[in-house]
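Two complexes follow with chain A in common, the first pairing it with chain B and the second with chain C.
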Partner chain A sequence: MSDEKEVVIDVKNLSVGFVVRGKTTNVIRNISFPVYRGETLAIVGESGSGKSVTTKTFTGMLDANGFISGGQIIFSGLDLAKFKTNDDWLQIRGKRIATIFQDPMTSLNPLLTIGYQISEVLMLHHGLKKDEAKKEAIDLLKKVKIPNAEERYNDYPFQYSGGMRQRVVIAIALACRPEVLICDEPTTALDVTVQAQIIALIKELQEEYKWTTIFITHDLGVVANVADRIAVMYAGQIVEYGTVEDVFYHPEHPYTWALLCSLPQLGTKEEPLSYIVGNPPSFASEIIGDAFAPRNEYAMNIDFVMEPPIFKVSETHWAKTWLLSPMAPKVKKPKLIEELHQRMKIAAQELKRQEGDLDE
Partner chain B sequence: MSKPIRKSLNPHSMEDVTAANSKYDTDNNGSVSQEEISSTNIQESVAGADGSYDEILGEQVNSKPAKKVKRHHLELDPAEDEFEHGRDLTRNTEADKIVVRMRDVRISFKIGSLERVIINHLNLDIRRGEILGLVGESGSGKTTIGRAIMRINKVSGGEILYNNVRISGKISKKRERLLKTKVQMIFQDPGDSLNDRANIDYIVSEGLRAYHLYTDEQDRINKVTEMMQRVGLRPEYLFRYPHEFSGGQRQRIGIARCMIMNPEFIVADEPISALDVSIRAQVLNLIKEFKQERNMTVLFIAHDLSVVKYISDRIAVIYAGKIVELAPALRLFEAPLHPYTKSLLTAVPIPDPKIERKKKIITYNPGMHHYVLSDAPELKEIEPEHFVRCNTPEFEQYKIELKRLGGEE
Partner chain C sequence: MASYIIGYTVIAVIILFVVFSVLVKKRILFGETVAVQKIFGHPLLHYSIRRVGSSLVSIALAIIVTFFLIRLAYPADETCIQLFASQSSPTSSELFKLKCQNWKEQMGFNGSMIEQLINFFYNILPFPKTVCKTELETIEATGEYVTKVFDCRNFVINFGSVYKIPGIANGSFAIDYIGPRMMTSFKIGIIAVVLELALGYPFGIMMARYQNGIFDKIGKTYIMTIDAIPGVAYYYIWMAILCGLFALPKVFESGDFSSWLPLILTMGFTGMSGIGLWVRRYMVDEFNADYVKFARSKGLEEGRIMRIHILRNAVVPLVRTFPSAVIGALMGSYYLEKIYNVNGIGGALLVAINTKNASLLIAIIIISALLSVISYLLGDIVTAIVDPRISFTK
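Here is the complex of A and B:
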């Protein structure tokens, strides 16, 4: 299956460093992964694991003190890691790779009308005239399901609710017909009901426009909904990569286990929720061995000494843990992981029944 | 404490002492001689006065402990006395089982001359020792309710009772002070709710200091250290500043600051919404542990039903300032009746690809009810403990639905 898929962005041995008070820290440590055309790749991890930094390198939006210290990002024959000037990036950023950010209030200009902010993009990138742009912008607003689009064209961002603003940001991203859409935690600031609507909208539009989505989130529930493939990130490395079924039903890395176990949806009244002890490592000092080892109850001696290589589980699935080494002792996965699907089924059953009820 | 100042103040203090003595004389029909009262009563009169006198008599009498004792035994009027002894577990009448009772509460905000009513005719009882989950979308007024109990938002109609004493509207300073030692809040954003300029020691012990809930400095430090360990932070963190901590740690500091007051009632306003998934579980566990250990009552505000299901005993679903459904937590999941509750349930993301992809989202349309004035909707008890907002035809319809779900217990 993976052979037939075309790779849109191929990340090879990418490393990103930041200069902080004269010291260089490596925040992304030698990662490689493909992004397939037309699919949705979800990047999952705790805050500070480097999810956002990774995707920022695709559009040249690293902070001033950040730099790519090695590796390649191949996008339609170009190596984005070599891009330096703003002129280079103008051909890519926004036009071919667009980003939707977490907080729609900060990504919109509060002093300009919604309509102007959309038509501006159309005039700039497509060279449309003002009234053409307006017509197109209203169409876009309708596409993202803003009611009374004509009237709301002249409204300002503060007159829109959080969910509506996020819709507007999606409309702006749509204006350029990007090949790749990066969604950087687009629903974290929103309510569950609105979140569900926005996700449905992104999926719907993706089907229509056939773009590729890179979805950054820490919410595994959202991931299960949108993703075709998942990359689990921890301390600047991808520790597990596979299709959504691989990662949810046959997770191999202890960090993925821990993440799945800590979901509140799994909680029952009797037992406390399980959680990951300790904190993610700081990048200030060099990380030796497996970065997750100090928090990992399955850690072996080797984890503290040597960084695990990538072990292939199947054609589409790999994980970076010594547990997969042929020499490692066989470990039993946590009970919760084995039962995950069963538990989820139970949790979903009640909801399912309700859906059935409403159909009648 | 320089000598000249003390001298200049001395006559003043002497005056006060004599005044106190004469008062003592009249009380006891002059039977006590001046010598007998000299030491002890000076102490008391000083303790009763402002702190400024401490300095003056600091060397002669060790007034500090006496002062503490005094503050703790403030005379209470009957209403306050009731309020104070609400914790008395020997009494257990129906009324005592309810910590917070909201009656016909109305909350509105004024923007210029415009008045916007956010909450109207809200009736809600929070029972002793329960965790009540309050769920709704942003703008539904759930935070406003929590803040009204905290007296941050003013109530423009109806009343809120705490242990059967009114705490809304104008209340005496004494009552407000007492209330604030019993009711605490955990905020949503652990970054914004902590003072950037204060170290953790100051932040955590601010409440202790404000209400003098410690005997001496050592006691205060012990209490703070103990609480830090309790929430899983190292005592050496005490002299760090909030920006040095991660989001989860900051939220634990927020919980420590709240729990150190040993509150009876907590308003937890979306305490985990701003946290990472891996940390949410820790914070939820912590709140639950504290609740079990101290038998507190918690109002847990959230927008995500999956979180509330795990932690709460009862759940109230709120839409546009009105409670639309109220039921025991598990029952609400088994038999949701109101269409808004159903739409909330479908929105909960389930971390399982096969299930999640099949889900259909139900959007709630408030216009679907066709309510008429003659048959206005209200919160009706459809089965024991399970309330739904509906009018008469809807009530009948929900009854049938409930039967089909195999409901009636």
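Here is the complex of A and C:
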């Protein structure tokens, strides 16, 4: 399956460091993964695992103290990791890779009209004249389902609600006509009801515009809905990578298990909601062995000494855990993981029932 | 006569305008006419009317308090003795009593305190009135005293007269003392304001643009130095540089522009540091704003981000200070005017206090109160114009 798919961004051995108070810490530690054209790749992981930092390297948007310390980011024949100046990035940013940020309340300039902020992009990237840009911008506002688009063109962001602002942000991304759209937790700051609408909108537009989406989230529930492939990140590394089916039905990494087990949607009323004990490791000291080992109930001695290599599970699926080593003892996955298929069915039915209630 | 007609017409127009606007706003008049509502019912206009109204009330209260305080501090009889008592006319003499009486009348010091207050308000309320100077004269033939009335002028606001100021004739109108001095201070001050804006903005922008670079470090050092050195000492340092090194005149001469330079440059370079500090601060804040990151991720070039998304937003909180900077130039600078011997308004308050000039003192207080009310109001209005988020509706 993956053989036929075209790779649009190929990340190879990427490492990112940050200089904090004179000390360099490695925040992304030697990660490699492909992003396939037209698909949605979800990067999941808890706060600080390096999800955002990874995608920031694709558009040269790392903070001033961050730098790429090694590896390659191959995008249509170019190595983005080699880009240095802003002029280099102007060929990529917006035009070819666009980003939607987490907080729509602050993503728009409060002093400029919505219309101006969309037209600005149209005039820049497509060389439209002012009135053409306005027409196009109104069309885009309609595309993202802003009611009375003509009248609201001249409104300011403060006159829009959070969900509406995120629609405008999406309209701006649309105006860029990018090949790759990075959605950095686009629904985290929104109401649950609005979240679903925004995700549906992104999916719908992706089908129409055929872009590739990289979807960053810490919510596995959202992922199941949107993603084709999933990369699970922990402490600056990708610990498991596979298609949605691979990761949801045959998760192999104990961290993925723990994430799935802590999904409230999959829990039953009888058992307490499980959570991951402890904290992610600090980047201040060097990480030895498997970064997840101290929090992992399946950790073996080797996990504390040696970093696990990548073990291929199938053509599309790999995980970075010693449990997959042929020498490792067979462990019994958590009960919930074993029953995952069934649980998901129940959860889906529950969701349907709730939606039914809402409709009535 | 003509000035009376103009005066009353202006006052009538203002009152009619305010009354009409209020009636339109309350929808008693033109409740349905959109165009009229749009202009005369504009929230900004009514905000201004309310603000001016309430400010006038507070100014009136302040005037009443100051009025009584000054009357208590400078008893009229004591000033009378200082002014008119001499060996030839002791306090018991007829001449002294007449002179004192005449002076009190002219200065509004006769009658009870309440009468004086009412009289005072009559004089400062802005409608035309004729005021004359009076002087006691002796008719040689009979030896009688008569009051000579001369130099009658039409005033809108009458601030009374001044006396005992060196170089100024007793009984001169206070406004004649204040007016020309204020103009002198303003001419210097307004050039200085233009200079400090012209220097301060690029200064702040450059510091922010190359944050933590060499220019930023030099700039920050300069700002800190100016903050740390007391004003007077700092002015003398500039005097040493400008008048010593560059041989500019040390004494202000309104006809000689080179003698303006030390004042203008000193004010300009001082003001520049404050403006630069705030421009830098607001811009650095904007650099980290999410919408700036988003603008960058849209693919906008840095120059455009700088102009449209950073500078514009950083300036919004600063436009508030434009009107007060310009209006502030009207009040002069005490130290600088003293150092360079400028006949400006900066020292007028001290002169009024030192010479116990009640009229001058209260005139300066009223003028500076009015100016600060106006500059705050204008500050609010320009902020509302540049910031769409501000609305004056409830």
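Please note the rule applied: the second predicted complex is superposed on the first by the 349 of 360 C-alpha atoms of A that agree within 3 Å, B and C clash if a C-alpha of one lies under 4 Å from a C-alpha of the other, contacts with A are read in each partner's own complex, and residues count from 1 in each chain.
Here is the rule we go by: a contact is a pair of C-beta atoms (placed from the backbone, for glycine too) under 8 Å apart; a residue touches a chain by one contact, two chains touch by 3 or more.
Small disclaimer: the values here were computed from a predicted structure and weren't measured.
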Partner chain in contact with A:V222 - chain B first, chain C second, else both or neither: first
Of chain B and chain C, the chain that contacts the larger number of chain A residues: B
Partner chain in contact with A:I74 - chain B first, chain C second, else both or neither: neither
First, second, both or neither for A:Y156, with chain B first and chain C second: second
First, second, both or neither for A:C176, with chain B first and chain C second: second
First (chain B), second (chain C), both or neither touched by A:T106: second
Touched partner set for A:M61, first chain B, second chain C, both or neither: second
Doubly contacted residues of chain A, that is, touched by chain B and again by chain C: none
Chain B partner contacts - residues on chain A that touch it in the complex: 46-48, 161-162, 191-197, 200, 218-225, 227, 244-245, 248, 258-260, 262-265, 267-269, 272-276, 279, 340-341, 344-345, 347-348, 350-351, 353-355, 357-358
Interfacial residue positions of chain B with respect to chain A in the complex: 137-139, 246-249, 276-282, 284-285, 288-289, 303-307, 309-311, 330, 333-334, 336, 342-357, 359-364, 401, 405
Of all residues in chain A, those that touch chain C in their complex: 59, 61, 86, 90, 92-95, 98-99, 101, 103, 106-112, 120-121, 124-125, 156, 158, 169, 172, 176
Chain A-touching residues of chain C, taken from the complex the two chains share: 289-291, 293-302, 308-309, 312-313, 316, 386-389
